[in-house]
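Next up: some structures, all given as C-alpha cells.
Note that chain A is present in both complexes that follow, paired respectively with chain B and with chain C.
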Partner chain A sequence: MSEISHYSELWTHRTPKSRLLRWTGWVALVALFIWCWQLMTANTIWYFVTDAPRQAADIGSRMFPPSLAYIPELMVPLWDTINIATLGTVGGVVMAVPVAFLAARNTTPSATFLRPVALFIIVASRSINALIWALLLVAIIGPGLLAGIVAIALRSIGFIGKLLYEAIEEIDHRQVEAVSAIGASGAQILSFGIVPQITPAFWSISIFRWDINIRESTILGLVGAGGIGLKLQASLNTLAWSQVTTILILILGTVIVSEWVSSKVRRAII
Partner chain B sequence: MLRIEGLTKTYKTGDTALRGVSLEVPTGQILGLIGPSGAGKSTLIRCVNRLVEPSSGSIMLGDIDLAGLNRAELRRQRRRIGMIFQEYALVERLTLMENVLSGRLGYVSFWRSLLRRFPGKDIQRAYQLLDRVGLIDHVDKRADALSGGQRQRVGIARALAQEPELLLVDEPTASLDPKTSRQIMRLLTEICAERDLPAVVNIHDVPLAKQFMQRIVGLRAGEIVFDGPPSDLTESALTTIYGAVDWNTMRKEDEEKQEADAETDRQLAEIA
Partner chain C sequence: MTAEATNYPSTWRRPPQVFTTRTTRYALYGGIVLYLILASLSIDVDWQRVYIGLERGQRFVMGFLQPDFTSRWNEIVRGLTESLTMTLTSTVVGVLISVPIGIGAARNLVPAPVYYVCRSIIAVSRALQEIIIAIFLVAMFGFGPFAGFLTLSFATIGFLAKLLADDIEEIDARQAEAIRSTGASWFQLVNYAVQPQVMPRLIGLSLYRLDINFRESSVIGIVGAGGIGATLNTAIDRYEYDDAGAILLIISGFVLIAEYGSSTIRKYLQ
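Take a look at the complex of A and B:
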C-alpha cells in the first residue's frame, strides 16, 4: 500500500490539444452557418417575409370552417386511395420476396451475379420517390388508379426487399443446419428452416409498408395517378380553401386509422 | 455399422482439426467422444453427415462411402443418419408435431411438406415418439414454449422419426442443468438400446460420459489418444487426453461443483 498523496489529483477528460481542436471545430461550424445563412437569404425579398403572418392569417381564415358538404364527394377518391395503397403493397410484396431471397447472402443462388442484380433492384426502387414513379407511369400507362398502384408497388420493392433480406441474413443458422442434416431438399429447407424464422418480420415489414403507402398514395393524385390527391389538386387550383381543409382533415384521419390498424396487427402477430 | 478410415480435415484457415482418424462403431454401440475443446470432436461428428466436408479419408455407413457422394446422393444418405444438437436446433416457431414430422422431410415431396400433409404412418409414428419422450400432451405447442430439457426431447424424437441407422449426438447436455442432463442421457441410452441403434456422442462432461457410455474415445489435437471402456479411463488416461494442467483444473472444478450441488441439496432438504 502506498500513501494516497503519492497519486496525482489532476485528471482531465481531454488533452489540451484535443480541447483546442474541438473549440476550433465549433467556431468553424458557427462561421459556416453564418456564411450559409447570408447566402440563402441574399435573394429573399424581406417585404414578403414580414408580410407572411398576415398572409397566413388570411389563408387560414379562408380555410375555416371546412366545408362539410364536400365530404360525400370525397368518399370514392378516398376509397381509391386506400385501394392504391393496399394493392400496391400486395404487388410490392409479391415482387420483393424473390428479390430479398436473391439478395440475402445465405440464400442467394449466385453471390457474384444474382446478388448484385437484386441489390441494384432494391437501390433503384428506393432511390426514386413514389411521386416520380407515378409521373413516369402516368406518362407510360396513362392517368388513373393503375398508374398509382404500380408506382406504389415499385417503390415498395426496395423497402420491403431490403428489410426482408436483412431479416433473412439474421436467421439462426443452426435451425437450417438441422433441417438440412435430415436430408431435406433445398425447397424443403426453405419452407421448414428459413420461412418460419422470417414470418414475423415479413408481416411486420409488410404492414409497416402498407401504413407508409397510405400516406404516399394520398399525394399521387397530384400527378394524375388517381385517389384523393386529384381532388386536392383540383381544390388547390380553384383556391377552394375550405375544401382543401376538408381533404387534409380526411387524410389525417385516414393516416391515424391506418397507423392504429398497423400497430394492432403487428402486436397480434409478434 | 460405421467405419471411418484415415479421416483428415484441414479448414480453409489452415487449422488441421482431424489427423487421420480411424474408428469403427458396431451396431448397438454407444460411443462417447471426449477431449478438450478444439480437439476435433465436433468436426469428426459433422464430417460423418458432411455438415463439414472432410479433406480426405473414407466414412463407410454400411457399404456406402459417405465421403464420396454428390449432393443428391448425400441428401438420400443423410436420411439414414439422425443428428441431435447442443442447442437443440429445433425450428422454434413450429409446433412439436411439425418439428418431429420434419424428420420425415427426406421421404415426402415438397408439396406435401409445404401443406403439412404427411402420410398417416408418419403422423402415427410421430405421436408414438412424442409419447415415448413424454411430450404427448404438448403436441401442438410451439417449440419455443418449452424448457431446455423438453426441447432436447423433441430433438431426440425428430432424429428418431428418420428411423436412422446411426445417431450423431453433439454435446446433448451442454445447455442443460445437471439433473436434466442425466435424464436426457438416460433417455438417449435407453432408446439406443431399444433399437440396437449405434450412436456417436460428443460429450465434454467426463463423469457423465463414464456413467452412460459403453465405449469412450479420447481425442486430442485431432488424433485418437484413448479408446476403451469407461472403466479403463484412469487418471493417467485422462491426463493424456486433456493434458496434466487442464485435467487437474477440470477435476477440481468438478469436485467443487459436486460439493456445491450437494450443499444446495442439503439446504433445500432442510427447508422442505
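Take a look at the complex of A and C:
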C-alpha cells in the first residue's frame, strides 16, 4: 500500500527522463538554428532587406497590367516547351526501362555486377536537378531544344527507373511461375508473365513524370535550353515586367492543364 | 456442339489491355506518330556546334573523373555552408509557418472562410516553382542566401501545409469526439486530439522536406540566391570542368546522405 505514494498525483504523458531528453533535443535544435542563421546572414546587406517592400511595390506596379499583345509571340516557345517535356519523357522512358529491369532483384541477369551499376545510374540521375543537367548540356551541345530534351531525359531515368523497378519487384510471382510451368522461354516469361502486370504502373509512372517534366521544362530556358523559359529570361533581362507577368500566367495555365490531364489519364488507367 | 468446338482458333492472341476497339487504337497510334514527326521538326540542331561541343563534353567527363577539389576549395566551402544553413533555417521557419496554415486548411477543424484562405495560400505556394520565386525574391531582397532562405521557406509552406492538412482531415474522428465531449476548448482539442495523431507524420514530412530543400538549394543559386549552385554556375561559366565535377560530386554525395539519413530516421519514427 505504501508504494502508491511514489506515484505523482498528476497524470503525465511521459516520464521525467524522456521529457528531459525531449527538451534537450528541442534546445539543441534552437541553438543549431540560431547558429545557422548567424552563419547564413553574416554577409547579408540589411539595407536591401529593409528596402524590399518598396522594391516589391515597384515591381508589382510594373507587372500590371500583363501585356496581352505579347501572347502570340509566346505560342512557338510554348510548343517548344511541351515538345521538350514530351520528347524528354519518351527518351527517359526508353532509357529507364532496361535500367529498371536490370535493377529489379527478380529480373536482373546478374545481381552482383549489373544490379549495382543500374542502381548507380538511377541514383546519379536522381541526385542532379534538371536545371543543372541543362546547364552542363548547354555548355556541351550548345543552347537549344536538344539540350533541354536530353536534360529532361537524363533526369527522368532515375525517377522512372526507381518507381518501375519497385513495381517489378512487387509483381505476383505465381503468374510468372504459371507461365514458366508451361515451358515458356525467358523472353516469353518477360512478355507474358511480367510485362502485363507492370503495364498499368508503367503508364501511370510515365504520365506522372510527363506532368513533372512540363513543370521543369518551363524553366530550362533560364540556362539557355530552349522553350518558354528563354522568353522569361529575355523579359527579365530587359526588365519588361509586364511581359514577365504574361509568361508566368501562361506557365501557370500550362502546368494546371498538364496536371489535370495527368490526373485524368492516371485515374482512367488504375 | 462438337462441330463448333473445332472452329476455335488454334493460336492464342493476347487481348488488348487498354483500348479494346481497333479503330481507337489505330487512331491513337496515328496521332502519336503524327505528333512525334511534328515535334521532331521543331528541333533545330546545329550539328557543327554539337561536334565542337563533343570535345568540351570529353573535357567535362575528364574533369568528372579527375575532380579538382583543391584550387577553389574556399569557394566550395562557402557555397556549401550557405546551402546547408539555408536548408536548415528555411525548413525550421517553413515548418513553423505551415503548422498554423495546415491546421487552418483542415476542413474538420475550422469554419469555411478560414479554410478557403488557407487553401488558397497553399495553392499559390505550390503553383509557382522555386526558381521563379527565387528570381522575384532576388530582385526584391538582393543577391545572396537570404533570398534563397525566403524562397525555400515559402516553398516549404505549400508542401508541408498541404500534406499536414490532408493528414488532419483523415484523423480518427472518435478521438476528437471523446476529447470534445469532456468540454475541451478548440485549442485543447487541437493539442490533445489532433496533435498526437499527426505528430509522427509531421516530423517525418519535415525531415523529407529538409532533404528536398537541400536539393533545391543547390539549384536556386543559378539565379543568384546563394548556395552551392552559385559556385557551380561560376565554375561552368569559366569552363573549369574539373571544379564543376568536384562540386557535382559533393552535391550528389550530400543529396545521398540527406536522402538515406532522412528515410532512415523516418522509418525509425514510424
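Everything that follows uses one rule, which is that the second predicted complex is superposed on the first by the 257 of 270 C-alpha atoms of A that agree within 3 Å, B and C clash if a C-alpha of one lies under 4 Å from a C-alpha of the other, contacts with A are read in each partner's own complex, and residues count from 1 in each chain.
In this section, a contact is a pair of C-beta atoms (placed from the backbone, for glycine too) under 8 Å apart; a residue touches a chain by one contact, two chains touch by 3 or more.
As the structure is a computational prediction, the values presented were derived from the model and not from experiment.
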Worksheet item: Once chain A from each complex is brought into register, does chain C clash with chain B or fit beside it?
Response: clash
Worksheet item: In the superposed arrangement, does A:179 touch chain B (first), chain C (second), both or neither?
Response: first
Discussion item. Going by the contact rule stated at the top, is it chain B or chain C that touches a larger number of residues on chain A?
Written reply: C
Practice prompt. Would you check which partner chain A:199 touches, where first means chain B only, second means chain C only, and both and neither mean what they say?
Written response: both
Worksheet item: Touching A:91, do we find chain B (first), chain C (second), both, or neither?
Response: neither
Fill in: Touching partner for A:116 - first (chain B), second (chain C), both, neither
neither
Worksheet item: Just chain B (first), just chain C (second), both, or neither: which does A:187 touch?
Response: first
Item to complete: State the stretch of chain C that overlaps chain B in the combined model; pick it from 3-11, 57-65 or 165-173.
Response: 3-11
Discussion item. Shared contact residues on chain A, chain B side and chain C side combined as an intersection?
Written reply: 192, 196, 199
Practice prompt. Give every residue of chain C touching chain A within the complex, in rising order.
Written response: 14, 17-18, 35-36, 39-40, 42-46, 49-50, 52-54, 56-57, 60, 81-82, 84-86, 88-89, 92, 127-129, 131-132, 135-136, 139-142, 144-146, 149, 215-216, 218-219, 222-223, 229, 232-233, 236, 239, 244, 248, 251-252, 255-256, 259
Practice prompt. Please give the residue numbers of chain A that touch chain C in the complex, ascending.
Written response: 29, 32-33, 36-37, 39-41, 43-45, 48-49, 52, 55-56, 59, 79-80, 83, 86-87, 90, 123-124, 126-129, 131-132, 135-136, 139-142, 144-146, 149, 192, 196, 199, 203, 215, 218-219, 222-223, 236, 248, 251-252, 255-256, 269
Worksheet item: In their complex, what parts of chain B are in touch with chain A?
Response: 49, 51, 75-79, 81, 83, 85, 87, 89-94, 98, 102-103, 105-106, 110, 113-114, 158, 162
Discussion item. Which stretch or stretches of chain A touch chain B in the complex?
Written reply: 172, 174-175, 177-185, 187-188, 191-193, 196-197, 199-200
